[in-house]
Every structure is written in structure tokens, then in C-alpha cells.
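As written, the chain order gives the labels A, B and C, with residue 1 at the start of each chain.
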Amino acid sequence: MRKLKEFFVERFILICGLASIFFVVLIFLFLAKEGLAVFKSVRPLDFLLGRNWYPISEPAQLGILPLICGSLLVTLGAAIISIPIGVACAVYIAEIAPLKIKEVLKAGIELLAAIPSVVLGFIGMVTLVPWVKTTFNLPTGLTALSGSIILAFMAMPTIVSVAEDALYSVPKTYKEGAFALGATHWQTIYRVLLPAASSGIVAAVMLGIGRVIGETMAVMMITGNAAVIPHSILVPVRTLTATIAAEMGEAVVGSEHYFALFAIGIVLFIISFIINVTADLFLHKRH
Amino acid sequence: MVKFNAKNLNIWFGQIHALRGVNIEIEANEILSVIGPSNSGKTSFLRMLNRLNELHANFKMSGWMEFDGQDIRKIDIEGLRKRVGMVFALPLPLPLSIFENVAYGVRMHGEKKRARLSEIVERALKQAYLWDEVKDRLGVSAFKLSGGQQQRLCIARTLAVNPEVILFDEPCSGLDPISTAKVEEAMLKLKKDYTIVLVTNNVKQAARVGDRTAFFLSGELVELDRTEKIFTAPSDKRTDGYIRGEFG
Amino acid sequence: MRNTQRSQKIAFFFLFLATLLIVIPVGLIVVIIIQKGWPAINWQFLTDIPRQGMRAGGIFPAIVGTFYLVLGAIIFALPIGLLAAIYLSEYAKDNILNRIIKLAIINLSGVPSVVYGLFGLALFVVFFKFGASILSGSLTLGIMILPIIITTSREALESVPQSFREVSLSLGASKWQTIRHIVLPNAIPGILTGTILGLGRAAGETAPILFTVAAFYLPQLPKSIFDQAMALPYHLYVISTQVPNVDEKIRYGTALVLLTLVLFMNLIAIIIRYNFRKKKKW
């Protein structure tokens, strides 16, 4: 009786263990089921590289290049801001901060990670956007730059915590060896610790970027959502994610527009898949 | 009567060949001391007797091992472990109360009645010479006891499920001399009812309590004989070297 | 020598500056929201339905909606996530299947939240015909927080010393008994921490509920799991971008309630973790 019960319990545990594989496959299948239909009306290359996104004009023009450019621009901006600051902060927390301050800083970073993106978007709207508008003397503050700044803050918790872990797991003997040779603390950090932790830091950066590319609400609220190929960081842009979020509500189920939004979902899914798998490879390189 | 019988027993953990062609018989109601330097395979041998080695992911074995005349691999594993109890190197109380620690095994084997459990716990604690020290605080956490008390609690916990064999894996390595003496005293008293296999780093302990002593080196059983013989006139000079402290 | 000392000082100053660049804005964000949102908070705001096209009244239906969604998500995700964690920590062998599972979890945790929204729309709303409903939204959020629950629960299970398992098995307990009576009880604080972090994440996400449940304006409480519902994060989005002339106080007030809810859950998780570490017996 006990044996029989345990047999079923263990089978059930195995099934749940496989659940994550099941859901990943299910997500992909359903994105594909709805998204691939768009390629009946538009060739894949025209979809990816088409310069016009007019999904409700007649006939619809479904080129997502402006959206890809929007996502890239905002992500690039966020990366330029968040990588140096995030890695520097990780070094500060891992190596320099006294124990008590370290705890406070870590809690602060966790706090930042916990703030919902819609709240950051809201704060960006009421503080950052007017500031960008007046500082750069623009017609609107809803620009790629504003998006980049807010997204940088969303990437930083990931970058800081993963990079800090990487620095922390460098064997103590490396550091002691450098000190023994008479290196200063700073020399030890940039000549020994940073190179030793480099693969973990690369993973941190990639995971941070992954978070930025997938971010939706904050971007939608502060980048202005103009689906044109941007020529500067001070103009409104529209990202892949924001397009889905903003337009799905109006798209009719089963329409070309609906399929196209799912196809964008496939693009995002593949991007995040590649980023996460690569980051994981970097993360486990040193083991 | 022979309790355990190993013939040409080999085991591996991944690439590591931990036991090499071991032949051994363990008699009922004897205390068998197993000595040898670290990594000599003595603990691997002990954990073969209750199949705890199988927790290791890359465990493999060849040869023959029987318990009470039955292939050990064919015996129901929970039933085997109920009959072959084990006391570990460090005192390892479970994060439960004193009472629940002792009652744990019995409960897992299906006993639910509180009165019966109390009876078993009291008997086991008395057998392990711990009852008088803890009878007024059976409900407190087992971590509140001293190291020696914890180790005797672990013995009581093993006794509670009423095994036939008790395996001791260096049971005194973390204890002071007084606690060690108490544990050894308990072992000698248990001998008449149980078969005992004692793995120890302490050669003197093996000499004090063992009826027979086995010496392991690099996974091989070098010598097995009556304890007095091993300690006075060993037939292998490696055994002689080890007990005289030339290596360890 | 003096030169290297000086460059160290300069370098450390910049590292410190970078840290301030993160910490100060975070502090400012929280302070601004509290300062400007606090005047809006009163009993009526928390318990009344939105009135005059969301320009007045309270946010009660959004609070209730978020509560239902989070509850639904956890009912779905906790059992599956916990059992999956048990599988990975106690049963999985180091083989290709295990690697694929880990890869799937990493991938699941990296999928953009809006893609979860699409998935929920395609599977629950359209394919299963649940419609835009609390059920669809909860399931979507549940799948989204699954990796958080699996990862944290697994860490908690793996931090239970191997020796406890050996002791239990050596007494003749079966593997499942060992898990049930020894491993799980000692991993509960960690599992709880993970669950609460998952709850916080589910409470704050907007994109996955956009097309699966969220109602733009629904001044009544949902009656069943097949009803649409308002939700706090979506409500904040709506009143700050879609509805003109909403009093700033109401926006900040809504942001404050949402932020408090999410941070409160995180705080509880941190406290549990801290107490557990302090009390840890082994």
C-alpha cells in the first residue's frame, strides 16, 4: 500500500519536473500557431526588413524594421548607461563597501528590482520626460533617451547582483597572491578580479540586456510610440514589446494584424532564448 | 551464524575503485572492528552493508554480497535498513525534539500509537544510557544536548527500530574521552543482542572493543583476525606498521 | 607608490559615485511616490469604486482584482513549482534530461512578460475559450512566476544537509518519507521566501494581464473566475496614459498602493530569510 502510494507520488513529481519543458514548448507552439500565419501574406524577409509598419491600412504594410530599430536603439542606450554603472556598483559592493553598508546597498538593489515596471514608467512620465523635453529643448520628452534611462534602471539590479556573485566567487587565493606581490587593492581589482570574473560579468550584462529588450510597460509609457526608423536618440520610437502591448487590444482575433503581433512575439521569444542560453553558457564557463 | 558474506566484492564511485576484491564474513553477535587510514575503503565497506553507497550517483559494484544468506541487492532496501542500523561519525540529530528523534524510525515504519511509541523511546534511551539525563525534557530540541549526549541519542534512535546489526562509522571521532568511554560501554553491552561493525580511526578503540579486527588499506582487506592476534602478532607487516603508527 | 595610491583613491571614488547613481534615484522614486501619494490615501480611496470616469472615487475593484489574480497564480504555480523543485533537487540525475529541464527554466524566466501575455491570449482566452477572465490571467501569471518558485524552492531544498537524508534513509525510511518528513519541513522558510517573491512579481506585472483579464474600467467586483477584473498595475497605466485630466493625486496614490503592496511582500520575504539564517540549527 505504502509502496503503491509512493510509486504514484514519485511519478507525479517527475511529471511536474517536466512541466517547465512542457510550458516552454507550449509557449513556442502557440506563438507559432498564431504567428506563422502572417507569412501567408508577407514574406519573412519583408516582414523583418520592411520599413513600414501600417498594420491597419488597406492593404496592411507589415514591416517591423522600425520596431526592431526602436528596440535596438533603446536597448543600446540603456546598455551604455547601465553596464558601466552596474559593474562599478557591483565592484563597490563586492570589494569596497564595509559590511553594514553592503547589506543596505544590497537591500536597495533588491528594492529597485522589485519596483513594478508600470510604476517606473509612471515616475519616468512625470519626472524624466519633462526634464528631457526642457533640457534638450524638444517638442516632446517622450523619446528613446527617456526610455533608455528608465530601462537602464531596470537592467541594473540584474547586472549588479549577477556581477557581484561572479566577483564573489573568484577564489580568495587569487586576491591574496596579488596582495602578496605588493599590488594595491585597486590594481588587484582591475588586474586580477575583473579578468577572473569576466565570464560572469559578461553573463550579467547579457541578462541585463535580456531584461531590457523584453521590458514592455515602462517603454510604452515613455518612448512616444512612433513607428518610424529613428535617426537620433532624441526622437520618439516604438519598440517590439510596446507594439504588441499597445495594439493587441485593438487587433481582431484571426486578422492579419493579430497574426503579425504574434510573429513579433516569436521574434522576441527567439531573441530572449538566444540571450539566456548564451548567458547561461558564460555563467557556467568557469565551473 | 554468518550475518554478512562478501565474496570478491569490488565497488567504484565513478573512476575511483574504492573496494578491491574484498572477501569477508561477519558473524552474528560479534563486534568486528574495521581499521585503516583514511581513504582505505573502510567507510565504503560499512556503507555497503546498508546500501547507503547507492546514494552516490556513480556507484557501481561487482562480486557478491549477502545478508542472512540472501543477495543484498534483492532485499527490499527499507527492510534491509530497518534490520541494519547505522550510527554516523558526527552526532547527527535530526532537527526534531529528543522524543521525535528516537521515535522517527518507528513512526516511518508505521507505528502511530502514542503509548507504544513512548514505550519504545523509553526502552531505547535506557539501552543507550541516556534516559536519566533526558527523561524530564523529551520535548526539547535534540540540538540542545551535548555532543556526547547527541551521539548516545543517535544510538538510541538506531536501537528504537530494533535492528539486528548496528554499524558504527567512527562514532567517537568528535567526542571527548569521557563521552567516548560511555559510548564504548554501551557498545559492549549491546553486543549480546546485536551484531556490531565498528569502523574506527582509533586503533586503541578497536583493540578495546573488537572481538575480531579487519585492516583495510587502499581498498583492499589486508588482514582479518582475532583482535589479540592482530595487535600482538599480525601476519602482514603493513598491519604491523599501521598499528604501530608508522603511517596513518 | 604615491601615484598608485592616488589612482586607487580616484578609482574608488568613481565606484562610489556609480553606486550613488543607482541608490539615490531609487530612494528618490520611493520618497516622491510616498510624498505625493500619501495625501490621496484615505479610507474612501481604498474602499470605493472609481467614479466619474476614474477621475474620482477609489481603487477598490483594482485592489480586489489584483488580490484574486495573485491568489489564482499562486494556487496554480506553487504545487507545480514545488514538486518540480523536489524533482530537481531529490530525484534528477546528472543527465541530459536534467540539463534540458534547467535550460527550460532559464528560458522560461527570460521570456518577456508581454510574450506571456500573447501566450495566455492564444491558449487560455482563445483556444480554451476562457475569455478575458480572472482564470486566464491567473494561469498566465502562474506560468510566468513558475521559474522563480522552482529556483528558490530548489535552493531551499538543496540547502538541507545531505546528512539528514542519510540518517533518515539509514533508519529505513523511504525516499519519499525522507523528503516529506525531513527535507520539506526544513526547507519551508526558503520555499516561503520564493513564493512571496513570486507573489510580488505577479502583483506588479501588467503586460501578461493586458489581453488576458484586465478591464479598462469596471466599477464593480468580479463575481466568478470567468469575469474580467481590474488590476492595480493596469489601472495605474490606464489613468496615467489613457485617461486625460486625472488628478495627479489619484495617480500617485495608486502608484503608492501598488508600490507598498509589492515592497511589503518583498520585505516579508527578506525578514523570513533573515530570521531563518539566524536560527538555522546546522
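As a convention for this text, a contact is a pair of C-beta atoms (placed from the backbone, for glycine too) under 8 Å apart; a residue touches a chain by one contact, two chains touch by 3 or more.
All values derive from a computational prediction rather than experimental measurement.
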| item | value |
| --- | --- |
| Chain nearest the overall C-alpha centroid of the shown protein atoms | C |
| Reference subunit C; chain at largest CA-centroid distance | B |
| Intercentroid distance (Cα basis), subunit C paired with subunit A, Å | 17 |
| Between subunit C and subunit B, distance of the C-alpha-averaged centres to the nearest whole Å | 48 |
| Centroid spacing, where centroids are CA-atom means, of subunit A and subunit B in whole angstrom | 55 |
| In subunit C, residues with contacts to at least two other chains | 174 |
| Junction residues of subunit B, two or more chains touched | none |
| Multi-partner residues of subunit A (each touching 2 or more other chains) | 2 |
| Contact footprint of subunit C on subunit B as seen in their complex | 50, 52, 55, 57, 78-82, 85-86, 88, 90, 92, 94-95, 104-105, 108-109, 141, 143, 154, 157-158, 161 |
| Residue numbers on subunit C that touch subunit A, as the complex places them | 4-5, 7-8, 11-12, 14-19, 21-23, 25-27, 29-30, 32-33, 79-80, 83-84, 86-88, 91-92, 100-101, 103-119, 121-123, 126-127, 143, 146-147, 150, 174-176, 200, 203-207, 210-211, 233-234, 236-237, 240-241, 248, 251, 255, 258-259, 262-263, 266, 270 |
| Subunit B-facing residues of subunit C, complex | 93-94, 163-174, 177, 181-182, 185-186, 281-282 |
| Subunit A to subunit C touching residues, read off their complex | 2, 6, 9-10, 12-14, 16-21, 23-24, 26-27, 30-31, 33-34, 84-86, 88-89, 91-93, 96-97, 105, 107-112, 114-123, 125-127, 153, 156, 160, 184-187, 189-190, 207, 210, 213-217, 221, 241, 244-245, 248-249, 253, 261-262, 265, 268-269, 272-273, 275-277, 280 |
